[in-house]
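Each of the next two complexes has chain A plus one other chain: chain B in the first, chain C in the second.
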Partner chain A sequence: MNTKNKNMKSIAALDSIIASLVCILGGLLVGTVVLLLLSIVYPSIPASEAIRGIQIVLAGPLSSGNVRSILFNLGDMLLETTPLMMTGLSVAIAFKTGLFNIGAPGQYLMGAMSSLLIALSFPKPNNAGSALLIWLLAFLSGAVLGALWGAIPGLLKAVFNINEVIVCIMTNWIAANIVSWVFYSTGDRFINTAEVKTQFIRKTFTNNIETAKFGLDKVFPGSNIDISIFITIIIAIIIYIILEKTTFGYELKACGYNRNASKYAGMSEKRNIVYSMAIAGALAGIGSSLWFLNGQNEFLWNTYLSLPSEGFNGIPCALLASNNPIGVIFTSIFLRWIERGGFNLSGFTDYNEYVSALIIAVIIYFSGFSKYIKDKLSKSRTEKIIKEGNE
Partner chain B sequence: MNNMAFLIQKTLIYSIPLLIVAMAGMISERSGIINIALDGMMIFGSFLGAEVVYMLQDAGILSGNPQVVFLLAMLAAAVAGALFSLLLAFSAINLKADQTIGGTALNLLAPAAAHFFIKVLYMQDKLVMPKDIGFVILNENIPEFMKPFFDKAYISTYIAIFIFVVLSIILYKTRFGLRLRACGEHPQAADSVGINVYKMRYIGVMLSGALGGLGGYIYIATVAGGTCNADVAGTGFLALAIMIFGNWKPGGIVVGSLLFGLLKCLSSTYTSLDLNGDGIAILKDLPLPMYFYNIVPYIVVLIVLILTSKNSRAPKAEGIPYDKGAR
Partner chain C sequence: MSEYAIEMLNITKEFPGIRANDNITLRLRKGEILALLGENGAGKSTLMSILFGLYQADSGKILVNGKEVHIKDPNDANKYGIGMDHQHFKLVEVFTVLENIILGCETTKFGFLQLKEAREKVVALSKKYGLYVDPDALVEDITVGMQQRTEILRMLYKNNDILIFDEPTAVLTPQEIDELMKIMKELAKDGKSILFISHKLNEIMKVADRCTILRKGKYIDTVDIKDVDPEKLSELMVGRKINLVSNKKPAEPKETVLEVKDLVVKDKIHGINAVNHASLKVRAGEIVCIAGIDGNGQHEFINAVTGLMPIESGHVILNGEDISHKSIRYKNTHGMSHIPEDRHKHGLVLDYSLEQNMVLQRYFEDEFQTVGFIKDNDVRGYANRLIEQYDVRSGQGPITISRTMSGGNQQKAIIARELDRKHNLLIAVQPTRGLDVGAIEYIHNQIIKSRDSGAGVLLVSFELEEVMNLSDRILVMHNGEIVGEFDPKKTDIQELGLYMAGAKRQNMGETKESAV
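Coming up: the complex of A and B.
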């Protein structure tokens, strides 16, 4: 019985992998067709460019030319994956509890603000130990503030039964304004006046706060890569273990499957909603902490007019992975990979950089069909079994 | 009086796109399809609308009739939105895909496509409509009490209000409206009495797309001052919030969008707003930066939601793909 169950499980897993691959292939195919159509509409672009174009997009950072720029691009791509993976995880864990965390941009901003404030407020540390301590403090503060910000929609949902989507949208814009307000009221203290870039906050390396590199900058010369990508992968694995192997994780998922049933089984569904949103917020906050504590990334402080795209891009990242934390590791890398390819596309062909965004959108659109494909696969298998049984 | 007129004009300008796009979301969700792609539909519609204006200007057609140009652009935006929404309808209705995924994809697709075409067609990142196009209707010589509604007004305001009223009546007073709503509450029951659920949902989504595209064009022509940069500053998501705020009902949406428009207007004009007419802008002298006034609308919406949350209720079958075989 047990082995049979396991067998069924692995067949289902195989089905979902096949379905995902079919969706990605479909997306790429449509992407190629789009490129071909464009080359027909615009005579300046020859049709052969379409094939070359899709190759460049697919090769991602590998299509950057010589070895040096490939390594540089690869390193930067891995660094850029960090915040995306975290917001993807943030959206995924909320989805597992049946909540739509569209508030990741706000949580991301709050995390960025608190990390930067901590990292830049302390006097310049003169030894590695105290620098690491400040780094840790800044990192944790990002997670905590993100968690608190994420808990707001969770609390309002649990206590007042207000739709979390609307609260998330409101808190996003509130966060954007609070962050701007804080840096506006602190005057020149944190602003990058040294390089006359007053719309940016000082980079944290000016205060000797940088994420450790462990020689990665030697492997990928020229890029700003640090160990944050490994930190995020470990976090993703931890989230996976929490969700799949612990009672707490089971309660979160049960709340997502059927809120009333989990309540009936004696779980506190309200508490689980708040916890889930707080964890989601912490993850998004960690994403921005890691990004800005890298030391070389700039924060545009007067952000009240727009929300960070990393927050919203967590949604497709999670959806493409069917909200599986391990899957998010791969989808976030995949999305950044394609994006790099898109940059190269505008550099090496007559297409512009927005083509990669188009192709990513098409792939996400196709990823919605994975359930349909999975159903078809299992249906055809069942029919086959019935047929064999009859013979 | 002058200040009051100014306040009402500005409030209307901010409210109208929210009103019409929240209605767009409502129609789709009432038919049972979650439409998170309102932002994308707005962007797509706004791009096509701006494109039409640009082409007409370029060809020198109708240069003396800005209102006709405006009307044509709105029509183009609505048609573009409706066609664009077919993508959502197909994935959500025919392929029973997750509606959030489809919507998210459309939200990514619209700015990508708009950016792409603006770049290809004009070799620049945004499309700026000429300032002298004259969409604004000026009526300096009318009685004071009519000024808020007829001076410095946009024809889009009247059209949007008209469409809103007509659609509200259709949804609540006609057989078609009842059927559409039934598909969002209990599609199996609707099907059992011979209503074509797929067809109704297609109509719901396409109407939603048309209104979304229209709202997007109205937004860039009025609020954004005629610049199409493939972005509507999250207005689609705000409209989604207004729709939830309004409890998926036209009356609630009117209240929500007017309230939000008024607060938004206060936050953008507080430095020059003279409430009691003594020539002094009181709010300007308070030691509060603009960020405070920017936050106010969102806080107020949250407070109102907390106070009225008890009777919140979404269409029962929204987000669930309709499967004829399911019980």
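Coming up: the complex of A and C.
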């Protein structure tokens, strides 16, 4: 019995992994076809370039040329993974509770705003201890405001049964406008007048508030990498433990799978909806906190016309991982990996940056099929188990 | 022309690790009613799925009207005039009854639905066969009974010649069952050939001409109904003699565990009183049964008592404490166990494993968690004990995903969970719906055992046989009111039927006093 038990669990996990790989492969195949078609349309691009192109995409940062630029690209890729992994987790945990958190962009913006406001409000601290304290405060405020922003659609869903997708879309734009307004009205207080790009905020490092690097910038010379990638991986593992090992996670998932049964069992499904959305919001908020507390990343504060793509990219990231928090670690790295490949594609071949964006989009698009493929895989298996069970 | 409408010859279907159908032959004559009898897992569903094109047989052939056919999917089956009334309704919840009936064969003009003609036809059919439905009600709002009638109407609407009824009577009242039996006979007289899947022996005796029996995937026998009696049939089906009537000691009622006073519950859709000033008492050591036709307020009554629906007015008193407005968790932990009517909707989280479902109301207790972390080993151990004690069978034991278990074993799991929890009130709604004789016998015995160990039992059942068999006291519910109270030894199904239909009622003010 015991070996059989283990088999079944590992088979289910295997299904998810196979499904993700099939999706990735499908995306790459279609991407190759697109590149081939383009080489037919533009006689200046030879067909062999298509194969080289997809190889470059697949190799990600490794296709960057010499060792120095490979390391630099790897470092930056890991840094860029941070916010994506967090929004991916944000979407995944909401999905586990049966909710579609399309509000990650708004939660992300609110997190960015509050952590930047706090980090920039303090004068240059005179020792490392107070710098760390301010950093922590900024980091936590990002999580808290993100959580509050996520809790709004959760509350409306729980109390009035208003579809969370609609509320999330509204809160996204409300957040975008609030953020624009706040930074606009604070004038040049936070905006370095020496900056050429007037609508961006950067250089939190002017007051030494930035995420620790622990020598990672020596390992990946030239890149802006800091320890945030480890923080996010630890958070992903914590989320996994919460979902799989605790009574709280048990309740959240029960509500996601069957709201009626969890009500019958005496769980407060309304409270769980709010919790789940608040946690999702906190995760998205943490994602932007970490990104902007890096000190080198620019924040487009004048954002009322556009939402940050990190928020939306969390959706394919979660889907590709079958909403498994540990899976999100890998899928977010993968998505950033091929994105780097995309940059290199336009750098090293005749294809322009629009083509590389298209190839990335195709691969992301294909990630939506992972659930379909997983269901297909497990269906035949389920039928078999049903028959065995009836024995 | 062939004498047979359908011949399934030497059908074998193997799933990895199990031969679901092993060389089964089934012949349905034209214009006859052939019953297909077998326990859960005997291979009935697989055989019918093959006939309906949901599975392909590994070997063997299917003949329709003497001609060999290959049925690749349900559309093919429809083409050959085969219609199926599914046990688990295949209805679109957010569509109306009418829309569901015409689904798949909609009449359109310039791409617009012609609902008017369809409505006339459906109303005519429903009148002709006494299958009452509200064509404009959404399926998600109607009772299980009406959903069943919708399924039957859909089959009739499509003019199918070969009708498969997969356990159609599971949720009907005695009168409705009689009515359905009449319909089936008429249909057969009209020349339609009927395959009647059931494990209710008396229905088979009443309506079928012949009966084919399967056991554990194998063909056992085909008998003429006039040559056999129910005992013989059940023996053929189970392979051993079975006790159809429960032997229980007389009840020894003690203190009142549940008292419902003047309960009013509003209907969610229509705003009328679904439960209208109903009162009852359940004492420790007795089984009180609410009998009645589906849709007369039983759901709302139970949901209000258990906390799934809000109470408009009145009181629910459990062990002397007013729990009318207490949380479900409070009721669960203060002596109330509840076997819900719909095991898929309320009873189980189907995507959870069996062990996770076993602790659905107890995962937060110290036995199963420390500082918020679930103690996996203790949950596993507890689940294993229940699985063994209540003989819950599944493919992978405690880690089996509940969705993959058979209906009977899902129900057994719920019963194990509810009976093992500390309780002195057991509420059971339709606890044997859709189960086979072996499982019914088992569940009845478990309920009686719970009573004998000192719990009060409140049972809701639409099957009068079950009511007569199991209860110590019968209350009839009609139109949201308790209209009569009976001693099962001093009444009969006919009398109950009159009260259930609303033709008679007692003055409950007096009987209520005498019952105490």
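Operating definition for what follows: the second predicted complex is superposed on the first by the 352 of 391 C-alpha atoms of A that agree within 3 Å, B and C clash if a C-alpha of one lies under 4 Å from a C-alpha of the other, contacts with A are read in each partner's own complex, and residues count from 1 in each chain.
Here is the rule we use: contacts are C-beta pairs under 8 Å (C-beta built on N, C-alpha and C of every residue); 3 or more make two chains touch, one makes a residue touch a chain.
These numbers come from a predicted model, not from an experiment.
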item	value
Which superposed partner A:V91 touches (first chain B, second chain C, both, neither)	neither
Contacts of A:V57 with chain B and chain C, given as first, second, both or neither	neither
Comparison of chain B and chain C by chain A residues contacted	B
Chain B versus chain C as contact partner of A:M77, first or second or both or neither	neither
First, second, both or neither for A:S262, with chain B first and chain C second	second
First (chain B), second (chain C), both or neither touched by A:Y250	second
Common interface positions of chain A, toward chain B and toward chain C	none
In the complex, chain B residues that touch chain A	87, 91, 95-98, 100-102, 104-109, 111-113, 115-116, 119-120, 231, 233-234, 237-238, 240-241, 244-245, 289, 291-292, 294-295, 298-299, 301-302, 305-306, 309-310, 312, 314
Touching residues (chain side chain C, partner chain A) in the complex	15-18, 20, 40-41, 46, 306, 308, 327-333, 338, 340, 345-352, 356, 360-361, 363-364, 369, 372-374, 376, 393-397, 399-401, 403-406, 409
Complex interface listing, chain A residues touching chain B	38, 42, 100, 102, 156, 160-163, 165-167, 169-174, 177-178, 180-181, 184-185, 304-307, 312, 315-316, 319, 352, 354-355, 357-358, 360-362, 364-365, 367-369, 371-372
Complex interface listing, chain A residues touching chain C	1, 4-5, 8-9, 245-248, 250-251, 253-254, 257-258, 260-268, 382-391
